[in-house]
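Think of it as A, B and C in the order they're written, each chain with its own count starting at 1.
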Amino acid sequence: MSALSGTGSSDKVVAAPRARRNLLRRLDAKLSPYLFISPFFLVFGVFGLFPLGYTAYISLTDRNLLAPVSHFIGLHNYALLLHDSYFWNSVENTFAIWILATVPQLLLALVIAHILNTKLHARTFFRMAILLPQVTSLVAVALIFTQLFAHDYGFVNYVFGKFGVHHIYWESGRVSSWVALSVMVMWRWTGYNALIYLAAMQSIPEELYEAAAVDGARRFRQFIHVTVPMLRPTIIFTVIISTIGGLQLFTEPYLFGQSTSGVTGGSNRQYQTIVMYLYEKFLGSTQFKFGYAAAIAWCLVLLIALFGLVNYFLVSRIRSAES
Amino acid sequence: MKSIFKRRSRLVLVVAAVAVLATVSGLSVKGASAAKRSNVTLTIDVFGDFGYHDLYKQYEASHPGITIKEDTEGYPEHHAALAQHLATGAGADDIEAIEVGFIANYTTQSRYFVDLRKYGASKLKKRYPNWKYQQAVAHNKKVIGLGTDVGSLGICYRTDLFKKAGLPTKPAALGKLWGKSWSDFLAVGKRYQKHAPAGTKFIDSGSNLFNAIVAQASPGYYSKSGKVIVKSNPQIKAAWNTTMRAIKLKQDQGLVAFHADWNAGFKNGTFATVTCPAWMMGYIQGQAPNADGKWNIADVPGGGGNWGGSFLTVTKQSQHQKEAAALVKFLTSPKSELYVFKHTGNLPSEVPLLKSKAVRSFRNPYFNNAPVGKIFANSALKLKPQPLGPHQGDFQTASTNAIQRVEQHLQSPKAAWQQFLKDAAAASG
Amino acid sequence: MVAHSQAVPRRRRRSQRAVSRRFDSAGPFTYVFLILVVMVSLFPLYWSLVVASHDNAAVFAYPPKLLPGSNLFHNIHKLFNPDLVSVDFAKALVNSAIVSSVVTVTVVFFSALAGFAFAKLEFRGRKLLFVLVLATLLVPVQLGLIPLYIEMIHFGWLNSIKAVIAPNLVTAFGVFLMRQYIAGGVPNELIAAARVDGCNSWRVFWHVILPAVRPMAAVLGLLTFMNTWNDFLWPLIVLNARNPTVQVAVAGIAAPAYTPDYSLILAGCFISILPLLLVFLLLGRQIVGGIMQGAVKG
C-alpha cells in the first residue's frame, strides 16, 4: 500500500493532487500503449505502406521502367502470370528449396540450442561460433559455395571421387541444384535460429526442469516434454519467419548462379526462385517490366500468407504447455 | 546490475546520438570546404577499372576549378542501378559508362542523355570505326555516347597443347589454316582432337563460339530498322549450327565464360583455344601466371569480331553538362586511349590509333611476344557494322542458356533452339 | 502465450538448483558434435582468410589450398591505398559502424517498448494491431525498392546514410521477439509492485522491463547489428561508391573490369568482419551474463 494518506486536516489539500494523479494514471493507462507502439507503425507507415500501395497500383499497369508512358490494364498482368510457365517453375523451385532447407534447419537449430543451454565448457565460444556463417560476407559465401559445388574442380566432388562416387553436375541438375542451395541456406541460417531458440529458452523457468528431473526424465525427455512445448510460440515464430524468408529467397541462388545464369537460375531455370524471376523481369535483364514484376510480387505476398497460415496450423498442433 | 545496464544503455544512446550528429556535421563541413576548393565537381560512374585515375589528375591539373570523382560498381549492378537512377530521375552521375550489351537500351530511350552532337561529336565520327560509332547513335540520329575501347577478337591458343596434338604453333600458320571460315576452324579442331592431350578440348565454350560468330553477322539479332529478326536471320541459325557441330564433334569443353570452372580451366589447361578480346589478355595473365609463354594469339576466323567495349555518356540529370561533355571528349581522345592501352591493355577504339605504329607494334611477352597490337587492330578495322537493339543482352543470355542446356545434356539441339526462340520472343515482347 | 503459472515464488536457495538438469555435464559425444558444427560454420571464413593471405591464383587452385600464406598484410595495405582501389574502404567501415549501431539501438529500444505494450498492457485493438505487425513481414524487400527510392528522392536523402538508417529503425521481427520474451519472462508481480510504488507505464518500462530483457536485448541487438552490417541490395541502390557501406565497398573491390583480384576482395571481406567480431565479444558477455541470471533479474 502506498503512503498516500495524509492527516484529516490536509485531506482537501491531498484530494486535489490525488484526483490529478488519478487522471494522469488513467491517461497513462489509456494512451501509453498506443504511444509505445506508435514508433513501429510510424516507420512502417512512411517506409512500408507507401511502397505497398505504389506497387499494388503499378501491378495494374504495363509500366516499363525506362519508357515514358504506361497504361492502365487492370488485372491483365495477373492473367498473364497464371499462364506463365516460367513463373510456376519458379514457384516449384522456391517451395522445393524451402522444404529441403527449412525443415532440417529448424530441427537442427532446436537440437543445437538445447545442447548449448546446458552446462558446457567454452559455452560462450560455441554460442558465438554458430553465428559465424552470418558474419561471413556474402561475396565470400558465394565464392566458396560455387567452388564447393563446381563440377570439375569442386571440393564436394573431390571428396566424392575419393569414395569412388561419380562426379555430380550440381549446378546443372534440377534436384542437385536444390540440394546444393539448401546446404548453402542451412549453413547460413541454422546458427541464427539456434540463437533465437536459445534466448527464448532463457525464459523457461528452472522449476519445470527440476520437476521433470524429479519425475525421472533425462535430458531427452525433458527436451520433448518441457522445452519444446514451452518454446511453441517461438517455434511458430521461426517457422513463420523462415516461411517468409524462404519464399523470398534471392541472394543465395543469385550468387550461386554466377554471371549469365545469375538471374535466370541456371541454364534451364532449374533453381530460379520467385524473387529471382521478379528481379529478372524488372531490373536484371533488358526487359524492365515493372508492372509485371509488381504483379509477381503481389502473388508472392499471397503465397506467403497462404503458406504461412498452413505452417501455422501445422506447428500449433505441437502439444501446448500445460500449467 | 540493473543500474549498470541502465547506465550502459544510456551511454549507448548518447554515443549513437553523438555519432549521428558527427556524421551530419561532418558531411556539411566537407560540403563547405569542397565548395571553396573547386567550382565544379564532375562525377563519373564506371564499372570495374577503366584505368582513368592518372587521366583524372592530368585533367584536373590542366583545368583548375574542376574536381573529378569516380564511382565504380560491378558490371550487372552498375547497369541495374543506372536503369533505376534514370527511371526515377535522380542519382545518376554526370558521366555514365555504358557497355555495349546495354547501350542499345538507351539509344532507344535517348531522352535521358545529352546529345553529344551539341558538343561536336559529329566531327569526331571519322575517328571511330563505323560499327563502333553507330552503336551509340539513336534512331533519331542523336549521339548519346563516345566509344572508350573495343573488344576486338583474336583467338588465344595454348602452343604447348597444339604442339602435343601435332598442330603448327605459329600465329601466321594458324591464321592461314583457319582464317577464312569457321568451318576451317572446326576442321583444325578435328585434327586437334585426334591426338589431343587427355582431358583437354579444342574450344572452351560453345557460347563463346556462338557469340563470336554472331558478332560478325551483319545484320545480327536486329534489322537496320530495329525489327527483331532472331528467327528469320539465316546468319543466326548458321552460327547455331556451327556451334552444335562443334559440340557434336566433342570439341567443346562446355564451359561458360567467367564461371568458376572456366577460370579453373585456364589454370589447369583444359581447353586449347578461346575467342579472346584484347581485354582478356590481362584476365588470362591473372588466372594463369604459371602459363607464361605458353599462350599465343592468332587471327580470328571470318575476319573481325567484337566482345565488349564501352561508351561514355552524359546524362540529362547532370548539372554541368558542358564540362561533363568536355571531360568525355578528353577521356575518349586518342591520347587518353593510347595511355589507357599502354597501362591496362584496353584496346583503343579510334581508327588513327588502330593504324598507328604505337598500337600496331605492341607485343605482349606473356603471349610469346605475339604482335597483339596488330592482330587486334586489324580485327577491329575489319568488322562490319551490326545494328543493335534494346534486348540484345537478353538474346545473348537466352542463347548462352540454350547452348548450355545442350552441353549439359538437358535438351536436344532442336528443343534447345525452339526454347531459345521462345525466350527471345518473350524478352522482346 | 506461455501458459505456465507464475505464482511459484522465484527465489530459490542455491542448493536446490543443483537438481536442475541444466547442470548435467555434457558427454563427449556432445562435444564432438559441437566441434563438428563449429568447424562447418568456421570453414568458409577460414578458407577466405587463406585466400586473402595468398594471391589471386590461390582461389581456383586444385587441390584447394588449406593453409594461410604470408600475403595478408600486403593485401590489406593495398585495400586502403586510394591509387590501387577506387573505393574508400575506411569511410565504408565508419559508415557501416554508424548505421549498424544506430539501427541496433533503435530496434532494441523500440521493439522492447512495443513488445512491452503488446505483452503487458491492456488496450483496445491489441490483438488486431499485433497481427498487423506480423502482417508487415509479408512484404518482400525487392518489391519496395523503387517506391522507397522515390521517397528518398523526396526527402533529399539520396546518397546519405540517413536513407539506409530510416527504413530500418524498428522491425516487426524485433517486436515479436521482445513481446514473447516479456510475456513469459517478466513476472506480473514485478510490474504490479512497481505500479504500487507509483510508477507510470514509462517508468515501469525503464526500471523493470529494460533490465529484465537483457538476454533477449543482447541477442536481438547482435542479430540486428549483423543483419544491418550485411545488408547489400538497398545500400547498393541508394548510396554510391563515394559514400558506401562496407558491403557496397566490398562489391566495389570485386568490380575490376575483367580481372577480379579475389585475394584482395577476400582481404576486404576479412576486414569488414572485424568490427562484427568486436560486437560479438561485447554482446556475447551480455548473453552469458543474462543466462547466468536466469530469466529473473537480480
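What we mean here is this: a residue touches a chain if its C-beta (ideal position, glycine included) is under 8 Å from a C-beta of that chain, and two chains touch if they have at least 3 such contacts.
Bear in mind that the values here come from a model prediction, so they are computed numbers and not experimental data.
Engineer: Which chain maximises the distance between its CA centroid and that of chain C?
Structural biologist: Relative to chain C, the chain with the farthest C-alpha centre is B.
Engineer: Just list the two chains that share the greatest number of C-beta contact pairs.
Structural biologist: A-C
Engineer: Using mean CA coordinates as chain centres, what's the chain B-chain C distance in Å?
Structural biologist: Distance between chain centres: 39 Å.
Engineer: Between chain A and chain B, what's the gap in Å when you average each chain's C-alpha atoms?
Structural biologist: 38
Engineer: Nearest whole angstrom, what separates the Cα centre of chain A from the Cα centre of chain C?
Structural biologist: That gives a centre separation of 14 Å.
Engineer: Could you pull out the residues of chain C that touch at least 2 other chains?
Structural biologist: 59-60, 62, 145-146, 150, 251, 254 - these are the residues of chain C that touch more than one other chain.
Engineer: So which stretches of chain A touch two or more other chains?
Structural biologist: Correct list: 65, 147, 153, 283.
Engineer: In chain B, which residues are in touch with two or more of the other chains?
Structural biologist: In chain B, 84, 87, 260, 264, 268 touch at least two other chains.
Engineer: Touching residues of chain B toward chain A in the complex: what are they?
Structural biologist: 76, 80, 83-84, 86-87, 102, 105, 109, 111-112, 207, 256-261, 264-265, 268, 270, 390-394, 396-397, 400-402, 404-405, 408, 410-411, 426-427
Engineer: What does chain A use to touch chain C in their complex?
Structural biologist: So the residues of chain A touching chain C come out as 1-2, 24-25, 28-30, 32-34, 36-37, 39-41, 43-44, 46-48, 50-52, 54-55, 65, 112, 115-121, 123-124, 126-141, 143-145, 147, 153, 155, 158, 187, 191-192, 195-196, 198-200, 202-210, 212-214, 218-219, 222, 230, 233-234, 237, 240-241, 244, 248, 250-251, 275, 278-279, 283, 290, 294, 297, 300-301, 304-305, 308, 320-323.
Engineer: Would you mind writing out the residues of chain C in touch with chain A in their complex?
Structural biologist: Touching chain A from chain C are residues 1-5, 8, 10, 12, 16-17, 19-26, 30-31, 33-34, 37-38, 40-42, 44-45, 47-48, 59-60, 62-64, 110-111, 113-114, 116-118, 121-123, 126, 129, 133-134, 136-148, 150-151, 166-167, 169-170, 172-173, 175-177, 180-181, 184-185, 196-198, 200-202, 205, 215-216, 218-219, 222-223, 226-227, 230, 232-233, 247, 250-251, 254, 262, 265-266, 269, 272-273, 276-277, 280, 284-285, 287-288, 290-291, 294-295.
Engineer: Over in the complex, which chain A residues touch chain B? Could you list them?
Structural biologist: 65-68, 86, 146-147, 150-154, 169, 172, 258-264, 267-268, 283-288
Engineer: Across the complex, what residues on chain B touch chain C?
Structural biologist: Of all residues in chain B, those touching chain C are 1-2, 5-6, 9, 12-13, 15-16, 19-20, 23, 27, 43, 45, 47-50, 53, 69-75, 77-78, 81, 84, 87-91, 93, 260, 263-264, 267-268, 279-280, 282-283, 285-290.
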